[in-house]
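Presented below are the structures under discussion, each in the form of structure tokens.
The same subunit A turns up in both complexes below, where it pairs with subunit B and then with subunit C.
Right after this comes the complex of A and B.
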């Protein structure tokens, strides 16, 4: 009994300011959490109840079993997950291979035009994918690469954001160590592989999380370039329950829950890495 | 044939000229120090010798071969940096192995993953391990081989950096202020170790420092740099007793040399209104006189050494301002009581009865004596004149 009281007391506001800030945070948390609650709640309902103006969190007619059964077993769910995984990993690997040497050159090498090149990198940061998507799409059509993994990955192979992030990180690497390595006979590539990369693990991990989450959640580009079911990513697979005539919202929400689940589970296991990724990249995912 | 020859090395960063036509020869097995204040270009010169920086003009030769455009690794040099520059995530043994691996193991066998299985990498390992072991024993760091640089003290890191440079048996050993990050006591210790290393290895050392004590104690020759030029290259003792210019005399020696302007006339050497009782043959000009603090002493203060009785000295009135006790000797700051007033630093050995009488502490006005044989004469522009003033009378009194 006394321990319950103690627990209750620990929640009791210590001052008026404390009360206000607690209320504010609870409100903020609710705003963040409510869409997920709504998603899970709706995934257990039949479509007509999702539309119901009289909203309740507990479904009146429980359709959860049918909705989830259909999402998990009536479609190749594991294949969609696999597709997402292939696309995300493929993008990430090529991004790292292109960004790390570019960032090293911009951070540590003196060459003519480096300032202009770096300015171009910064300028490229401001261009959203939507602007370049039509020329890229036309290019992919011309190369008859539509409906392939490559088409899904190609526009993201070079990440100016990664170049910028790594360049800022590499700049703090001591010049004298690089000089010592040059005297010791390292080539520039070996300086990157043996010295810069091991020191950049935190930045690379942060960027990897950022890139992976971004492309896992991406619906826009796969929707444009992929049509066949066997290339669909998990996110894209949600769209199957939408047709011109009718949308099965119960199943769409069940699908959304299942697609979100891997990232949420990964987050629970590697929470610290995620948070560092978001704070270091300075961008809200 | 010289181990290292620099011919007219110039270096500019944009409009700033950092080095102006540096010409220098370093003999095989020599310990040469480049010394000067920060910004004098000594570190840039060392980086040019190492190949990390390219000269804007001039030529670098090593054993008669032009190396001006060779990369650092092709020059057979090793370099030790001020902040040690150890590879942070590698153990001491790996740090020391790196220059050997780079020199001996072929490129493909150094690639990530491949290097774990490549027979070429494996074949060289026992040989490399043996070399590391020898050098580690020599530097007494063999018990640290498994540690990471972060787990070492400053002195140990410095030894590892020395070891990494030594393993490859370089032709020239370059050091960029390797002691300035160490505390005072350790600095003296490592200084001695580097000297011993030079003596036992017989390698050629080029050593950059801003600290004249380091330069003077360790070097065979010292090159004193200022404003991108070499002022003088000489053995430490000769640099001290026989400086080529006022700037050299001012830089070398602590406490600093006393420099004051004099006028040389037919009537003798004049310091303002005071006739010093010296004459310089054939010099009718404004000159500068340099006197080391130990060339001066105070007259008749018991407890301090003075010029021996009967020695030829000049006596001048002196206002004592402050006394610094350095242990075996004292440093007396004061001002010459003449027109113009001139600040003087006097260094005097303590005698046995120092402190028994309070004579030095109590005295305000004293007489300072100068040994004229230790006078250094410079022209008004600061260039050394190799002439010695002659006494007009045996003892001079202030007129």
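Right after this comes the complex of A and C.
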């Protein structure tokens, strides 16, 4: 009898606590997901149903096909998505081409000035675009490059974070293997391409995800250098709705869905990589 | 002799490898930072080519500028609302989720979903949810007998609303950081603590989890503070600083001065203050946080 009581005592509060915490976890998850559910639901509705006091997730009148068709083919959303894509890919390619060799040199090669260069990289890590934006903007205006892809990409062509990250990664690559490869007649370029790069794939993949998501979601810089609809990114296009750009609310949220869908879908397909890539820096956005 | 020339060849190659990166760092970081300092001592404005050296006037102006005090106050209020939640809720979630075997990964995914989504787009959704008349949140509040609240249109509530939206977007992120920290705590520490009599969850938390989580906590606190000072997207999309400047935060004011009013000199000085704040946080991080704890 007493042993049953003891068992109950040790068990009861735990399972009660467990129940409460499950309840809160599920409720919290619902709060996290609800804006997405509401957005998708509204994107399928006619405009007068979006703010209906009698809210229901399932649309009473299904207008989803029209809403998405109009967003993608009557409004320039395919162009906005393409602009975002071009900018993100361009930034990422240049970031990798410039950061990987520099990181390898800093990690494995001896040269004068390497300490100063690495110190500069570390110091630059703390400088956000918001601080350097004025001179870079003035330079872009003077070069008549406002409203070009180059202007949208330029401040991000170098990622000091990538250099830092890849350097840490390359340093852990065993010197003995590199030395053995040198003895075997590998040139340094071959060592980078055939030994170091394959080993760095996880770090490069994680960084790529981080870079792509950051620049896809960036509002600040496009807001400064993009002046026409032709170069507008998907994220920047959301600014149009602060005025009466579109009074069809169903269509408005179809466009919001179209803008945020690429990153969310990619996340659902590569969850581990995304979580690692995005938490790598610690600073969101 | 051979060794020396080999070293030289290696150095030459190294210069070649770092050359593109070095040039870009000069163009994108060093030169602009030096120029920002320079501009901050002038009355440079993009609309006229003529400008003068004004010394520290831009910095002195901050002390008298009502908009500066207002933006600083708004940012601090917002940070005060945002930071405790960003830290405590994420920590509680991480502990609750870490104990689960079932559904752990699905919960992680659901909580992380807002982190990857485009905040500018989701801000539109939040504006609709927070609509003062027919927003879903007010409908629910009315069902509970509260409200209606003017979430984005009232001077007293707008920073609360901003903090709530930011919390929604950042909690999953901090939770994952805490989860990484929790996973790194050796299980035998809990066993040892249990032998010493700490088997109540609160005891376990105070004696093992909290001390072992120190570096992670510091990291989360510092990075969340930086995130708080960088509030921009939701303000730009939803309120443009309004109503009546009550959501005009520091970075948004800096943006307005520079790119709306074209007061480049004053904006440069403001962005250097901004950099100073970020730098203090970075310094705290460098002094206290062991980076190896992180990913």
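Convention: the second predicted complex is superposed on the first by the 188 of 285 C-alpha atoms of A that agree within 3 Å, B and C clash if a C-alpha of one lies under 4 Å from a C-alpha of the other, contacts with A are read in each partner's own complex, and residues count from 1 in each chain.
In this text, contacts are C-beta pairs under 8 Å (C-beta built on N, C-alpha and C of every residue); 3 or more make two chains touch, one makes a residue touch a chain.
The model shown is predicted, which means the values in this text are computed figures rather than measured ones.
A.B. asks: Looking at the overlay, what does A:145 touch: subunit B (first), subunit C (second), both, or neither?
C.D. replies: A:145 contacts neither subunit B nor subunit C.
A.B. asks: Of subunit B and subunit C, which one touches more of subunit A's residues?
C.D. replies: C
A.B. asks: One more residue to check, A:174. First (subunit B), second (subunit C), both or neither?
C.D. replies: A:174 contacts subunit B only, not subunit C.
A.B. asks: Let me test your reading of the model: by the given contact rule, A:89 touches which partner, first (subunit B), second (subunit C), both or neither?
C.D. replies: Neither partner.
A.B. asks: Looking at A:79 after the superposition, I want to know if it touches subunit B, subunit C, both of them or none. Which is it: first, second, both, neither?
C.D. replies: Neither partner.
A.B. asks: Once chain A of both complexes is superposed, is A:53 in touch with subunit B (first), subunit C (second), both, or neither?
C.D. replies: In the superposition, A:53 touches subunit C alone.
A.B. asks: For A:199, decide between first (touching subunit B), second (touching subunit C), both and neither.
C.D. replies: first
A.B. asks: Classify the contacts of A:273 with the two partner chains as first (subunit B alone), second (subunit C alone), both, or neither.
C.D. replies: Neither: A:273 stays clear of subunit B and subunit C.
A.B. asks: In the complex formed with subunit B, which residues of subunit A make contact?
C.D. replies: Result: residues 174, 176-177, 179-187, 190, 193-195, 198-199 of subunit A touch subunit B.
A.B. asks: Mind listing the subunit C positions that touch subunit A in their complex?
C.D. replies: These residues of subunit C touch subunit A: 7, 10-11, 13-15, 17-18, 20-22, 24-25, 28-33, 35-36, 39, 46, 93, 96-97, 100, 105, 107-126, 128-129, 131, 133-136, 139, 168-173, 176-177, 180, 201, 219, 223, 226-227, 230, 232-233, 236-238, 240, 251, 254-255, 258-259, 264, 267-268, 271-272, 274-275, 278-279, 282, 294-295.
A.B. asks: Help me check something: in the complex, which residues belonging to subunit A touch subunit C?
C.D. replies: Per the stated touch rule, the residues are 17, 21, 24-25, 28-29, 31-33, 35-36, 38-39, 42, 50-53, 55, 97-99, 101-102, 104-106, 109-112, 114, 117, 120-121, 124-128, 130-138, 141, 154-155, 157-158, 160, 163, 188, 213, 216-217, 219-220, 223-224, 234-236, 238-239, 241-242, 249, 252-253, 256-257, 259-260, 263-264, 266-268, 271, 274-276, 278-280, 282-285.
A.B. asks: In the complex, go through subunit B and note every residue touching subunit A.
C.D. replies: The contact residues of subunit B facing subunit A are 47, 50-52, 71-73, 77-79, 81-83, 85-89, 98-99, 102-103, 107, 110-112, 164, 168.
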